[in-house]
Structures are given as structure tokens and as C-alpha cells.
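A, B, C and D are the chain letters, set down in written order, and residue numbers restart from 1 in every chain.
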Amino acid sequence: MKNSSSILEVRNLLKTFGAVVAAKDINVDISQGEIVGIIGANGAGKTCFVNMVTGYLAPTEGSIKFEGAELVGLGTRKITHAGISRSFQVSQVFHSMTVSENLMIALAIANNRGADALGLMDTPDLRSKLDEVLKRYRLEPQKDATVSALAQGVRKLLDIAMAVVSKPRILLLDEPTSGISVEEKFDFMDIVMGALKEDGVTVLFVEHDMEIVERYVSRVLAFYQGEIIADMPPKDALADKKVQEFVIGKEHHKKKK
Amino acid sequence: MEAALTILLDGLQFSSYLFIVSAGLTIIFGVMKILNVAHGSFYAWGAYTAAFFIGKFSDMGLPDALGFLIIVAAAIVVGVILGFIIEQGILKHMYERDEVLIVLATFGLFLVLEDIILIAFGTDPYFAYQPMALLDSVELGGITRDVYGMTLIGVAAVVAVGCWWLLNKTKWGTLLKAVIFDREMGISMGINVPLVYTLTFIGGAILGGLGGAYIAPTISVAPGLGTEVIVLSFAVVVVGGMGSIVGAAIGSLIIGILRAIAVHELPQVELFVVFAVMAIVLVFRPEGLFAPAKPRKI
Amino acid sequence: MKNKLLKGALGIAAVSAVALAGGIAHAKDTITIAVPSFLTGGAAGPFGIPAMNGAKMVTDAINAGKLPAPYNTKGFGGATADVIALDEGGGATKQVAEYRNLVEKRNVDAIVGYISSGNCQALAPVAEELKQFTIFATCGTPRIFEEAERKYVFRTMGHATADNVAAAMYVKEKFPDMKGYTGINQNYAWGQDSWRDFDLTLQQIMPNTKASDKTQFPKIFAGQYGSEISAMSLDKADLIHTSFWGGDLEAFIFQGNARGLFKKKIGVFTVGGTAAYRLGKKLPNGLVLGARGPYGILVKDRQSTLNQWFINTYKDIYGIYPSGPAYQYGQAILAAKIAYDKAGSDATSEQLADALRGITFESFSTTIEMKLGNGHQAATENGYGITEYDSENGENVVKDVKFYPASCVLPPEGQNSVDWIKGGMKGAKC
Amino acid sequence: MFNDRTAKFLLLAALVICVGGAFAPNWIVNQFMFGFSRALAILGLMVLWRTGLVSFGHAFYFGLGAYAVAILDSKLGVSDVFLRLMAGAVVAGVAGFLIGFIMRNYRDIFFAMLNTAISMVLFGIVVKTESLGSTDGFAISASTIFGLSPETKYPLFVIITLVGLTAALAVNFYLKTTFGKLTTAIRDNEIRVEYLGFSVAHAIHLKYTISTILAGCAGALMAMSLGQVDPESMINWTVSGELVFVTILSGPGNVIAPFIGSLVFEVLRTYAFELAPQAWQLIMGATFLTIIFFLPGGIWSLIEKLGGKKNEK
């Protein structure tokens, strides 16, 4: 316990798929309440990192500790119960159901984790919680619309809203603004980050858009070929040579470091 | 020693029968993810067509050796015509729908085809013994064996090697494997997937028809003969791993040889062999012995 | 609109009331006989269709009054019969549902038919429950009348015990030197029962012979008997018993013949009769052939008027000699006529049953005594012969035909077949 | 539980049917008994279908239910209708629960086919075992109700109707619980359900077990109304096909649908058989294809259109 304020401690994480190394030597400490941006080119290992933290992929080696407890070996479900949630690059929602129904399911599960799953879902208690979430994420106008008929941005909002109803202590957002127009992206992020700040959630988000990164995060993790090549505040990161070369558009298509 | 030879030959012969009837089923499943219940109908149509023409030709006084030509021709004609009509007329319009609905559609087709056979050929059985009589029999291992039955082993070997060669040694096979692994990937690689599907279905149908046509001379070709084949070929495919040719071959060998041992040594358990093998595989390896790799999503 | 409907309904009700009343008051002009038989599946060709042909031919002749004497009166108690043909396939449970429909929905007067023992076994209690006059034509299991007393159900042919007891007796007579025997029978009730009866009888009458410990029970409709033929070829037994029928029978004959099986072993085919006309030259010589009683090829030479009428008429209409099932369905229809003639065309099921119970009548090929199962189960002779191809006429014949009287091959009234055989077939008069 | 339109309709319909049955001719009562018995299995398959799963082997559980009744009857002489029903439900349910541990890991076509495979194993065993009745099966003695043996089929008909009603109401309620609502959610997106912290495997296992209990009840009731069981009509893969056929025919829209669909199926089969004894399979198969192509929502979607009802879920 060298860093007692860390909520998440990642040590020597390694992930290989046969001969392909997807993550290597990853060591990170995240403090309570931090907002961290994860940047990197396509295939740099960002989503792989998120998948490992949330239990979707099992690391080949290494350890991930959340509030001191080991997460490696737990499934996604157990990790959600422990207090880590995530959103998805392509929103993962129930497309044949309405916004309200989507959230109601999320709320019902978050509320009792299935212990009372044979109870009626539609209770007054959940209804009031639903209204609160709809309001906070400005989803009220679309609440009775079927998801498959919604715009990409609204689906993304819903995706994130569903991830936070379980009141996680860490939230991982996988490219929250992908698929959202340039004009809308700041409005969108204001809604999301505003809502998250109220809850005091620690946020890690994967992002391509450096404007978003600069504006919302206090710290940047830059990934390249499965490794973290920079861990610093956003201003420093953007000025960093390696980051500029390997992450921010000035790529030289090099095969080796 | 002689007994062992007899058991081995019996086992190989039955395995060959199993492999020929199940190869088409597993190929269609592997490529198209369709469990084709109407496979038994291809078998039945192959048998009827072959038996009908072998009988006709024999009545016309043509040489019996033509029977072998008829067998191959019947398989191809049945496979191409039925396969094409079913794939283009029905299945093609369903690829967007649930895979299971397609199974149900082939179930419906099976019911329809069964009765059409009845209407087309009547209830009286057809006999096409001429090719079997032509090849005569030999003494082997102290008993008489019919040569025709043993050629079954050769036919199965040709089918197996043919499939292996097609998949591994031709450009076509490479494309096919891409589609088998991941249909979306196949499309993105520019493969004409609808054409691959049509040809695969016809190919599988030809193999089903060949099974029936080749077996026809040894049996009485009568209504309902396709039903039994569905169950047997399904068992082989489940044991071997759905969609795997190697699996179908190994599955056929395991069931065929175990069954031969049982028939000779302990006939009381013979009946349970197929189901016992199937049950054991299901419990310990529900995806079958040689399940093909599946692509990872996300 | 509503009024119209109401009037219509009242009208129909009135008409049916009149019709109903009329039906009770007068003898009927027409009756409906349901004839279930295999019209689909593997049993249709060898059994179902000849059976249906036999039933239809005899019904037509009765309707026209064209049967030879003493059955040359027109109709069933004067009434013309309509035959409803229906499929016996799909399993016993489905047949139970269909049977209920026949009685309760389609209101048939009599039900005559059924080939599958499983179906008969399932339907007997239903017929009793619905109090429906029913004649089973071909099915074989002895259990139907041994398990319970029946009131409305009849069977106009001998049961399967006779087939196998007679087979064993024939073997003893013609092949006294036989040392050991084996069998290949389908693995379901029919095959299992047939083998058991044959085996038990031989144990009694040829105690020095030995049954193989490797008797084969392949799956029904298996179609491939390569391994079994090998195993039986290697077996020391010199006789093979089989109760195969239909496609399995023919496939077994082809495959066994190609491998010289029947040159080395005596083949006993209890249901071989159905194949005799169809296989022609492909049928090996020297097979012991039964036809489940005195029917088909076994009685081709019987010169009675009734038999000659049956053979000639059948051959005229269908172009082939009548096989066992045609006879069996034909005589079951004949039994229905006799019952109707006695009880009247408007008779109830009860009256029809009373009319048929315990009678003895001359059928096309044999005399049928309804003397077992309290007068509900027929006792007939049973016989076997040996196949030979008659190259002069280009057809199969049987020689050395020998018939055993009913009292020789069937247990006396009130006795269970298996117990009777095990007990040494006491009271058998041969 | 009783305060939505579906529940109210079910109660009313059950009442009308029970009263009507007293005056209906026997063959109609029979059709209703067979139809409603089968409908229970369809109800279970509907629950699975809403989750995106189709089992092509539920004849396994249907057959277990039927054979539980038959074996109890022939070996122990149990004739009480409720004991028989319980036996069918318990045997099928326990088997379903155990097999569920395997099945819950499979989806789509693999799920469908593994079920087929398992049902074929049971079929093979029953056909080959003389003490299980082999191909002949068993005749089943008439059911008694609290020790009384009724003269007619009417009491059994009422019981079947009431069991059907209870099951329909229960499933209707179930579909409104969190578990029930998850049905569609799992079909839509399993990954999300897992990330919300809910075990998809557990949910599917539960649904599977429910469907097997219902199939077991269906088999038991069918055995009692027919008075006969045999492997060909109860366990064979074609029976599984029929069950799925009726499920598709009914449509997944509402718990009422399986009952209507099953009745339509019974009538259709009766008339196909009557009109074309040699080609009834062709009629059934063609109807099947027609439904798949032109009425994907089943009969229920037709009813919704005609009745102008909307969104009654």
C-alpha cells in the first residue's frame, strides 16, 4: 500500500493474443476523483486496457487492484458489483426497447442486483429514480422513443446513463464523443461531465479528440503499441515529442519504436 | 485375426456410409450456418432417381454397368435442381432472418418433399440391384463380402480427399474458409458471398443425393427412407463438431467401428452405440470433437 | 342479419333432428367404414397399399352383391358402405387422437383395419371406452386379448404367437438336423416378441439345439446390415430367424444374397410372404417363408371359389397377385358384412359385436373361428413353405407347404401365449 | 396480477370455455384438451423465443412429462390427476435445471441443435428399452380427481383449462418482473446486461427451466387427455419441430397467443389429415413455410391488426 490514496492500482499488466502483444508493462495509479484521459492511435491498446479493467478480457499477467482488492480473475458482472462501470464506443443498449425501459432495467438491476428479480419491475420507487436520471441526462424528450429510432448522440447519452445508475466509483468511458457531431460534442460532454461531477465519480475516458481531452481531463495516459508512453497533465502531454509523433496525427508509419 | 479383419472392414464400410450421408450436412452447416433438415430429402431423392433410372435402363436392355454412371448423374441432377430451387427460391430470402427460422423452413421443406416423393414415385418400392449384382462377391476373412459394399469405402475416401483438396489446395477453398470463419469478413474482402452460398448448398445437396443414389442398389427404395438418415447424419455431425469435415470423418469412424465391434462381440449394446457416443460427447464437449474456431466479436 | 343467422341455425337444427329421427326409424341405406392402413412411410408399399386394395375390392364387391356365395347378398345388411381411407402412420398416440375424431367427429359406423401392433394395443382400450365396433385386421401382438376382456374389439386373424410356433414346428419337421440358430429382428416390440416366441418354442420342441448368444437386433429402418451379415456368417448357427418386413426385409435379402448368406444358412422369414411376388428372381431359393397365416403365396393353389374369386379379381384390378395384407383386410371387411347381415344395417356397436362374437365363418382362403379371447380373437391355421423360382412361368412359388391347425399353434382359450409355450404347449392338437 | 387487459381476457375466456365445454360435442372438447395441453409447452418456448432462443428439442421435456405419467401409472398405479401433473412438471423441471447448466452457455443455432441432440438420446433409449415400452409405449388409465373417477372427459377438460389459465397468468406476470423484462434485453444485448451486473447465464438458466417445467406439464396433460404415450408421438425430433412450428404460428406477442395457435394447429392437422390422408404432411409443411414467410409475427400479429389493439404487452 505505497500509495494509499489510489483507488485503482495497475501493476505490470500484460496481454497477448498468440504472438500479438496487446498490452505490456502497464503500471498506473489512479486517485479518487481524478478525471483521466486515455489517448492513442487505433490499435494502441486503449480499449484492451478498458476491457481488462472491466473484466471482459483476462490479462495474461499482472494485477489490477480496486480499493485494495484484486480484480484479475473476476468477471464483468462481479466488477460491476464492486463499483466499476463502463460505457462503450458503439453504444450497447437494448435497441428494441424505449429509453425509459432501458433505464428501468438498469435501475432495477442496480437496485437489487437480481435478488428481487421476481418482483414487479415497475415500482413507484424506481419510477422516481428514473425521472431523476432522465432529467440529469436530458433524456426526457425521448423517454418513450424506441432506441433503434434515436440519433447516435442520444444513444450515447443513454449508454452512459445506464452505466452510472449503479452509482459506480470508477467509470470508464470508451470514446464518448465518437459518432457525435463537432457542434454537439461540447454540449454533450458538459451534460455528461456535469452529471458525473455531482456524483464525485472517478472517470477514465478513452478519447481521440484532443480538444475534449484538453478541456475535461487533469491527466493523460498515452498508449502506443500496448504500452504507456506518457503519463502527465494534458498540456505537457500535447507538447511531448513522443506523444506528438505516435499519438497525435503526425505518424510516420514506423514499425519500430 | 480373421475376426479382427472382418470387424475392421464392417466398421469401415459402415463409417463410409455415415460419412457420405453426413458430409453434405456438415459442409452446408459450416459455410451457411444452416442445419438443413431437408438433407434427408436429398438422400431420398437421390435414391429414388437412381433406382428409377437403373430399373428403366435395365428394362430397356442397356448394359448394367451404366448403373454407375446413373448413380453419379442422379446425384448431380438431384443436387443441382433441388439445391438450386431451394436455395434460390426459399433460403436466399431468409439469410437476414434468424438462423433458427431457417432450420424451421428446412423442416417445412422436408415435410413437403417427403410427400412429393410419394406423389411422384408412388408407395411401391423400387429395386436397383443391378450394379451390386454386377460386381459380385469375394471371399475375405473367411466370409463372403460383396464388392459393391466395399467400394463404399473408396467412395467415402474420394469424397473426403475431394473436400480436403477443395478446401486446402484451391483458391476456392481459401475463399470458402474466409466465409466459414466470418461471413462479414468475407464480404469485406470482396467475396461474392451469395454465390458461395448457392454453390455450397448445391454441393451439399449433391453429396446428400450421392449418398442415396449409391446406397440405392443395396436397399429397397421406399417412402420414408430419408427420415432415418437425418437422425444418423445429425448424430455424426454433433459428435464430430458441427461444420467440420474432419470432425464428420472422425465421428463416422468412431461410431462405425464401435458399432461393428458391438455387433460382433456384444450385439445387445449395438443399439446404444450411436447414442452413447453422442451423449458422452455432449456432456464433455458439447460443441463436438472438432468444432471449428469461432471469430471473436468485439 | 342476426335474424337470418338464427333462422338458418334453427333450420339446420330442424333438418338434423328429422334426419336423426329418420335414422332411428329405418334401416340405413349407407354406412361408413373407416379403413386405417399405412398410406405413407416404409410400410405403405408392402403392407398398407395391398391392404387398402383388398379392403376396397371386397367392399365394392359386397356393395354390388358380386361376392361368391354364400356372401352374394347386396351390401352390409342391405346398406352400401362408404370406405374412408386414412393413414395409420405417425405413432400410436396420434392414432388415438385420430380414432377419437373418427368416432366423435366423423361418426363412422365401423372401423376395420390397422397393421401396427402398437396402434392396436393403444386403440383397444379407446375403442372400449367409446364403445365403438372395431375389427383389427393385421396387427399381431397377442397382448390385446390376453391383457383385458374386450367387448367391442375383434381381430379376424391369428396373432403373432402362431407365426413363430408354426415356424419352429416347420423347422423341426424339415430340418431335424439343425444344431444351432440365430436371429435378426428389429429392435422394437414386434421383433422382440417374434424372436422370444420362436426361441421359446424351439427350446421346447428341439431341446438339443442351441440359440446363438449373438442374436442381432438392429434398429428398425436401419437399411444397412453389413456388419450383422458378417457376424451371422461367422456364427456357428445354421439357421437364421427373422421377422423383418417391408423395406428392411428386402434390403436384408439383397445384402444377404449378395454375400451368399442364404447358401450357407437356412433363412426363416416369418413375414417373407409380402416380398415373394415383388422380388421375383431376386428372391433366393430355399428360404422358409411364412405369410402370417394361410394367405398370399401360401394359398395360391387353393381351389375354393372364394379364393379363386379373390385372386382373379385382385389380379384383374391391380395387376399383381394378392399378398397377405390384401387377404387380411379383405376378410376383416367380410367379417363386418357378416355382422351387419346378422344384426341389420342400423345395428348399434353392441349388436354388431354380439353378431360377430364366437362365430365361425368361411373366409377367402381359410376357415376363421372366433373362439379365443371370449370370441373376439380368431383362430386360424398357420403355415410355411420353401421358396423356389419357377423359371417356366417366371415367378416365385413355394413348395413343401405345410399348414398347422389353429389348435396346434395357438394357446387354448384363457391362456397367456408366453406361459403356454414355456409350459410345454400343453393341449396343443397337431 | 389480474388488473391488465390480458389477465382480464384470460379469466373471462377460461370461464366461457369451461361453461361452453359442458355443452360442446366430444370431439371439440378433445381438440381443446389437446390444444391447451400443447399450449403450455408453447408458452415456455415463447419465453425462450423472446430471449432470442429457439429450442429444437423440447420434445425431450414434453416426452419426460408424458412418460412420467405413464411410468407412474404402469409401475405404481398412480392415477390422481394432480399427482401426475406434478410428476411431469418435477421430472421435466429437474432434468431441465440440470441440462440448463450446459445449455445456458450456448446461443442461436447451437442452442437449438444441442437440444435436438439431447432429445434424440432420450428417444433412442426409450425406443430400445422394453421396460420403457419400446416403440409401443404405454396406455394410460383414466385419471382420477381426488379419488373420484369421472364418467366423462369434462372434468379433465376443466382442469386442463384451469392449469392453462394459471400458467398463462403466471407467465404474464413473470414478463412484467425484472427477470421477465430482461427477456427482451438479453435478446437485444447480452454484453450490456452483464455490464449492468446481471448474470445472463442465470437469467437464461431460469427461463430454460421455466420452459422445461411448462413442457413437462404439457406432456403430462397430453398423456392424460390422450390416454396413450409412445416415443414417436412424444419424443421424436419431429415433435420438437411441431412444437416450434406452433410457437411460430402463435407469435410471441402475448401469452394468449400460444392457446390460440395450438387450437388452430389441432384443427389444421385434423382437417389436413381428413382431406388428404396421403399428403397431409405436404399441407402442414406448406402452411409452415407460408407462416414463416408471410406472417412472421404469427397469428397474434394478425389478431392485433384486426382488433386494432396496440402495444398490449
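Going forward, a contact is a pair of C-beta atoms (placed from the backbone, for glycine too) under 8 Å apart; a residue touches a chain by one contact, two chains touch by 3 or more.
A quick note: this is a predicted structure, and the numbers were derived from the prediction, not measured.
Visitor: How many hops, at fewest, get you from chain A to chain B via touching chains?
Guide: Counted as steps through touching chains, the separation is 2.
Visitor: Given the two chain pairs A-D and B-D, which is bridged by the higher number of C-beta pairs in contact?
Guide: Spelling it out, more C-beta pairs touch across B-D than across the other pair.
Visitor: Going by the average position of its CA atoms, which chain sits the greatest distance from chain B?
Guide: Computed centres place A farthest from chain B.
Visitor: Taking the mean of each chain's Cα atoms, which chain ends up nearest the overall Cα mean?
Guide: D
Visitor: Averaging only over C-alpha atoms, locate the centres of chain A and chain D and give their separation in whole Å.
Guide: Each chain reduced to its C-alpha mean, chain A and chain D end up 44 Å apart.
Visitor: Counting only Cα atoms for the centres, state how far chain A is from chain C in Å.
Guide: 76
Visitor: Please report how many Å separate the Cα centroid of chain B from that of chain D, as a whole number.
Guide: 33
Visitor: What is the distance, in whole Å, between the centres of chain C and chain D, each centre taken as the mean of its C-alpha atoms?
Guide: One centre to the other, that is 37 Å.
Visitor: At least two other chains touched by the same residue of chain D: list those residues.
Guide: Touching at least two other chains: 128, 191, 278, 280-281.
Visitor: Please list all residues of chain B that touch 2 or more other chains.
Guide: Where chain B meets two or more other chains at a single residue, that happens at 114-115, 118, 271, 298.
Visitor: Indicate the residues of chain C shared as contacts by at least two other chains.
Guide: In chain C, residues 39-40, 187, 219 touch at least two other chains, as defined above.
Visitor: Can you identify all of the chain pairs that touch?
Guide: Inter-chain contacts occur between A-D, B-C, B-D, C-D.
Visitor: If you look only at chain B, which of its residues touch chain D in the complex?
Guide: 33, 35, 37, 90, 93-94, 97-101, 103-105, 107-112, 114-116, 118-119, 230-231, 234-235, 238, 242, 271-272, 274-275, 278-279, 282-283, 286-287, 298
Visitor: Name, in rising order, each residue of chain D that touches chain C in their complex.
Guide: Answer in residue numbers: 25-27, 30, 34, 127-128, 130, 134-137, 139, 142, 226-234, 236, 270, 273-274, 277-278, 280-281.
Visitor: Report the residues of chain D in contact with chain A in the complex, numbered from low to high.
Guide: Checking each residue of chain D against chain A gives 174, 176-182, 184-185, 187-189, 191-199, 202.
Visitor: Using the touch definition up top, name the residues of chain D that touch chain B in the complex.
Guide: Answer in residue numbers: 52, 54, 56, 102, 105-106, 108-110, 112-114, 116-118, 120-121, 124-125, 128, 191, 237, 241, 244-245, 248, 278-282, 284-286, 288-289, 292-293, 296.
Visitor: Can you list the chain A residues touching chain D in their complex?
Guide: Per the stated touch rule, the residues are 54, 75-77, 80-81, 85-86, 88, 92-97, 101, 104-106, 108-110, 112-114, 116-122, 162-163, 166.
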